[in-house]
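Please go over the structures that come below.
Shared between the two complexes below is subunit A, which pairs with subunit B and subunit C, respectively.
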Partner chain A sequence: MARERAAAARAQPWPRWLGSLRQAVGWRRLSLHTRLCWAGFLFVLPALLHLIAFKFYPMLEAFRLSFYQYDLMSPPVFHGLENYRSVWNNPLFHQSFWVSAKYMFGVSIPEWFLALALALLLNRRMPGRSLIRLAYFFPIAMSQIVVALVWKFMYNPLGVVNTLLSYVGVGRINWLATEETALPALILIGIWRGIPLFGVIYLAGLQAIPKEYHEAATVDGAGGWQSFVHVTIPLLMPTILFVMVMSLLSAMKVFLNPLVMTEGGPNGTTRVLPYFIYDTAFAYHRMGEAAAASMVLFAFAFALTLIQLRLLRRGGLE
Partner chain B sequence: MKRFLSVCLACSVAAVLLGQPADAQQTSITWWEHSNPPHNNYSKELVADWNKKNPTRPVEYEFFAMTPYFKKLSAALSTRSAADMFTVIDTLLPSFTTKDVLAPIRPEWLGYKNLEDMKKAYLPGALEGYIHEGKLYAVPMIASVFSLYLNRKHFREAGLDPDKDYPRTWEDIGRVGQKLVKMQGSTMVREGFDFAMHSSAWTMWYMEALTRQYGGSILDRAGRKCTANGEAGVKAMQVRSMYVHKYKISDPTVSQATNALPADDLPKGRVSMFITHAGSVAQFGPKVMEDMKVVPLPQVDPKKPISVVYGFALAVNPQVPEAKQKMVHDLIRHVVRNPKEWYEKTSYPYPSANFLELPGMDEARKTRYLDVFVGDIKTGTYVTRSPYFIEISDAMHRAMERVVLKHEDPKASLDQACKEIDAALAKP
Partner chain C sequence: MSRRAVRLWGGGLLTILTIAGIGLTLLPYFWMLASSLKTGGEVFELPIRWLPREPQWWNYPDALSRGAFAVYFFNSAVVALAVMAGNLMFCSLAGYGLAKFRFPYREASFRLILSTLMLPLEIVLVPTFLVVRGLGLVNSYGGLIVPLAVDAFGIFLMRQYIKDLPDSLIEAARLDGCSERGIFWRIILPNCKPALGALALLTFRDNWDQFLWPLIVASRDTLKTFPLGLAQMEGIDSAAYHEIMAIAVIGMIPTAIIFLCFQRAFVRGIAFSGLKE
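Let's turn to the complex of A and B:
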């Protein structure tokens, strides 16, 4: 019985309805190459549909909405380029743009170096290396909202940060309610959370470098630093550029920490562009303006990515 | 094939016919509210009671943190996914009513002859904050004000009599506060007095009260131009910042208050005087309240008291069918049926006309400062009515932060706020 069933499956390895479909599209008449292309496409199709429905369609819809006046509750009215003009004339938008830029570079640049330093450290042989790697990766595994709340308590005027600083004679600081300290406080959290992730990516890149290159450099008389500069860095360059792109993009999209910890204050000093967009849409009910601002954010991210891809190409690394 | 189709059709018709009475028997009502622990606990009790009495019309109750709640509500109303009944704050009424996203309340479904008849059952002016173009859009369940809470223990420690020496004016607060403030070297460890800094809505309530007491307003009569940078507004902002800069009895680095518990510094003893709402009595609990005293909101001129009231009210989703809207009205009647119980559980005065005369209220008048709250309600009116309220309050909040935290000139800071507000008001 089982043998018969197996034989039947060999003869027709797909359900009957699929057989009819194959006949209808003339599958047998297609060349092997075309069939393989179609099979590949069919495998990718579910993911593609997901992307279209949940990424591209909302993006197109946001683009369309950026030309409409829409308050969420009344029907949208065509508004031409008025939303873009309004956003451009809004000083809060400019402030948010610069806050975002400061946050983005404030988080990313230290991440590039500190994550690399961490990866180099973890790439060495040392006792309990796996455990240390796990400990460093822990912040990534934590829920972002939990991280934000824990840091909020730590930054409290009577919290851990001020208590520790008081031992070295630093007076009490209200980190999240002072203009000079609120953004740096958020940047510090961004760096703390980003280092392990990018450290692991660097670590993978470092481990992919064949040992023979370093051995050859040592034989040729290169010291540790020379080997790092002339062997490790050039071979790690694709990873470095990947980390640069990813860290900038993820810092540009930060939203939850300002929302939970500062609500964009004090005086807008932590109101990053995504938070500005959120407020404009859902607090002020100006969906069209919010869509226009998100298009500007998209254009900025797109331009930044293009520049980095150009850098990749110039370095022959693509 | 024909037989198969006939069977399918027969099954569908049967399902529809059998399904209809089942739906009619079980129609749930959804109710959303903002978060406020004593209030939410009482609402849950009311829901449990309703569900017991109305098993075929059960209520599904949910509550959310206040600021995200109102954003969620706006988005839900736009996508037709809002609850059947929801709580609204009076300040947001204009932005909802101008967009027709609330169903008018039918006084006759609540047991009144008409709106005029309903008004008689409430404190004078209590319904005004919820009326737009002659129609009522929400039924108030909370009327609240901001009054001054003080820590009696701290007063006695400082050699002050809380019953006699409590502040009547804003300048009094500065003078009394200087006796209450506690320093350790150059670090303030206890504030004499503090204004809440956590939210733009609170900033707006404080600033409205102060500006009105100085004879000004945030917007002009038509609501189309910012007037907060006038003489009254500047004086109000000077008061708002003088406890930090002039009297040095307030320090923003001492406060640990959060959005959920804005008055938390007071029961924790980190501040001696604080202005908060009536609901704080229930939030603090009877043990903490033994050490507290509540007095009327300080004034510029105590002979002409002026305060600001605010409230929460129950609104009906216009997107639900009329039969269900009637059901929601029944639920509203159930929720607001017992003002005395409402007050006992939440500490928020209920704005009914006979509220103070209800049996058993004498005790509350003495021990829970009900007289103080109702007194402040009587001298109060609702805050600025504008569909742009959130933008206005955000601009005022930023102005306050610039003055208090950066020591910026009040006039310059308010000029900037007015520029931002006028830009918002000019938008369609």
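Let's turn to the complex of A and C:
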């Protein structure tokens, strides 16, 4: 009996209740083309519904909420542009905006060059190359919270960073508690963490360049540098653009490090925009203002993505 | 200098740079491991003590007994595995649908899906919380898992991979009378193991690490994940650095093992994407 049922289940392409549904719509009478249309759509449907429920709807909801006053307790009250006005008039928001901008560019610009340098280095033939690659790529596997705590520890006035610097004659600095050094200290961690990741992406791009191109350049008398500028860089352009935008977007989202390491301090010098949004929403329960600030962050992400698409298209690289 | 000498010096310089770079990259790991085996006093000793006088293995059990870390690790594992399963299932289904079928608005749906990459949790944090609260899932495993169960990046990865599988495979199975569901399970899934492997590794790593979302949705102690537990422990007693580092080492083990065992798939997956983080 059980075996028969199992056999029947195997013969039947969908669960039983779907089977009767199929009979009701007359599935068998549909043409193969129509059936395949529906099958493809049904394969995509679950994921699409999920994204609508947990991405698009929240996005629209955030937009709507940005015009309301809402504290999670009492029902939302329509507030017009008041949230945007109060966010705009909030000096902390302006500070956060600039902290985020400094962090984004401070992290990504060095990453663009250093990650490329790393990829070029690891693409060379050398003894023990796979082991060296393993060592360089290992931070990709490290969890964010561990990164944050280990570095916090290393930045301690008595920690390893100050010790290393004392060898070259720099005095002890309380990195995370000093206004001038807290953000650069976080930026350094961002770079340290990002280089391996973007290095991997560059390396994949480098390996996709056919060897014949470089050989041809060498035959034509190009030196190492010329071959790099005229062959490698143009062919790597899509990867470079990709890394540029992705590094900015991922730096834009940084949240855990400032939270765990500095709590946005000292004096808000490390309170990035996501931190500001989190604080406004979950510490002060001003959901509307948080939503308005999210819109600003979204505008950032949207603009960056558009620029990337535009550049990719203009280069005819898509 | 002759050309040869230049090359020799250049090579030597690059080797030194490579080794120095490895040192800088791995320094935090070394420091973490060494500190996890020191006594509380040795951690901030001056002049600096690179290695413990005597390895303090008891730091590990002591640290574990400080909070409900067994529970936190369990929660992290549940969340990571469940989110991984959800992503493998839904992303491969959607990737197959987008790669091998023609239906109206297919390209539009694909663009729509990709556009959600612009909506990371950090941006839709408040309303996502409201949705989950509306569903009554605050402080439950469901609330921790469900919003993360599908990610556009996974759909993208699966679609690109399945697209390159030959159509003849599918058509032959269809002619043999295999149902659409059967084709998916018996033809498509077995043929995209590499992509599934990379996706599994990436989602496991990202969700083992999940911090922001549990921070907001799980206030009950029994639902906290390991990153939250660790941050909490640090907040309570930031002087117990040797024990914090011991927990950090334990928390790193799963991802480190996965990375070391499946290095190739991992790196390939990341290289393919770069969309993560």
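One rule holds in what follows: the second predicted complex is superposed on the first by the 278 of 318 C-alpha atoms of A that agree within 3 Å, B and C clash if a C-alpha of one lies under 4 Å from a C-alpha of the other, contacts with A are read in each partner's own complex, and residues count from 1 in each chain.
Assume contacts are C-beta pairs under 8 Å (C-beta built on N, C-alpha and C of every residue); 3 or more make two chains touch, one makes a residue touch a chain.
As the structure is a computational prediction, the values presented were derived from the model and not from experiment.
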item	value
Which superposed partner A:Gly171 touches (first subunit B, second subunit C, both, neither)	first
Which partner reaches more residues of subunit A (counting touched residues only), subunit B or subunit C	C
Partner chain(s) touched by A:Gly265 [first = subunit B, second = subunit C, both, neither]	first
Partner chain in contact with A:Ala47 - subunit B first, subunit C second, else both or neither	second
Which superposed partner A:Leu158 touches (first subunit B, second subunit C, both, neither)	both
Which of subunit B and subunit C A:Asn90 touches, first, second, both or neither	first
Contacts of A:Ile240 with subunit B and subunit C, given as first, second, both or neither	neither
Which superposed partner A:His285 touches (first subunit B, second subunit C, both, neither)	first
Subunit B versus subunit C as contact partner of A:Leu116, first or second or both or neither	neither
Touching partner for A:Val231 - first (subunit B), second (subunit C), both, neither	neither
On subunit A, positions contacted by subunit B and by subunit C	156, 158, 282
Subunit A-touching residues of subunit C, taken from the complex the two chains share	14-15, 17-18, 21-22, 24-29, 31-32, 35, 44, 46-48, 90-91, 93-94, 96-98, 100-104, 106, 109, 112-113, 116-120, 122-131, 146-147, 149-150, 152, 155, 179-182, 184, 205, 208-209, 211-212, 216, 226-227, 230-231, 234, 241, 244-245, 248, 251-252, 255-256, 258-260, 263, 266-268, 270-272, 274-275, 277
Interfacial residue positions of subunit B with respect to subunit A in the complex	67, 71, 74-75, 77-78, 95-96, 99-101, 186-187, 197, 252-256, 259, 388, 390-391, 394, 397-398, 401-402, 405-406, 420, 423-424, 427-428
In the complex with subunit C, residue positions of subunit A that touch it	12-14, 36-44, 46-48, 50-51, 53-59, 61-62, 65, 118, 121, 124, 126, 132, 134-147, 149-154, 156, 158-160, 163, 192, 194, 196-198, 200-201, 203-204, 242-243, 246, 250, 252-253, 255-256, 259-260, 274, 277-278, 281-282, 287, 290-291, 294, 297-298, 301-302, 305
Of subunit A, residues touching subunit B in the complex	69, 71-74, 86, 89-92, 156-158, 171-174, 177-179, 263, 265-268, 279, 282-286
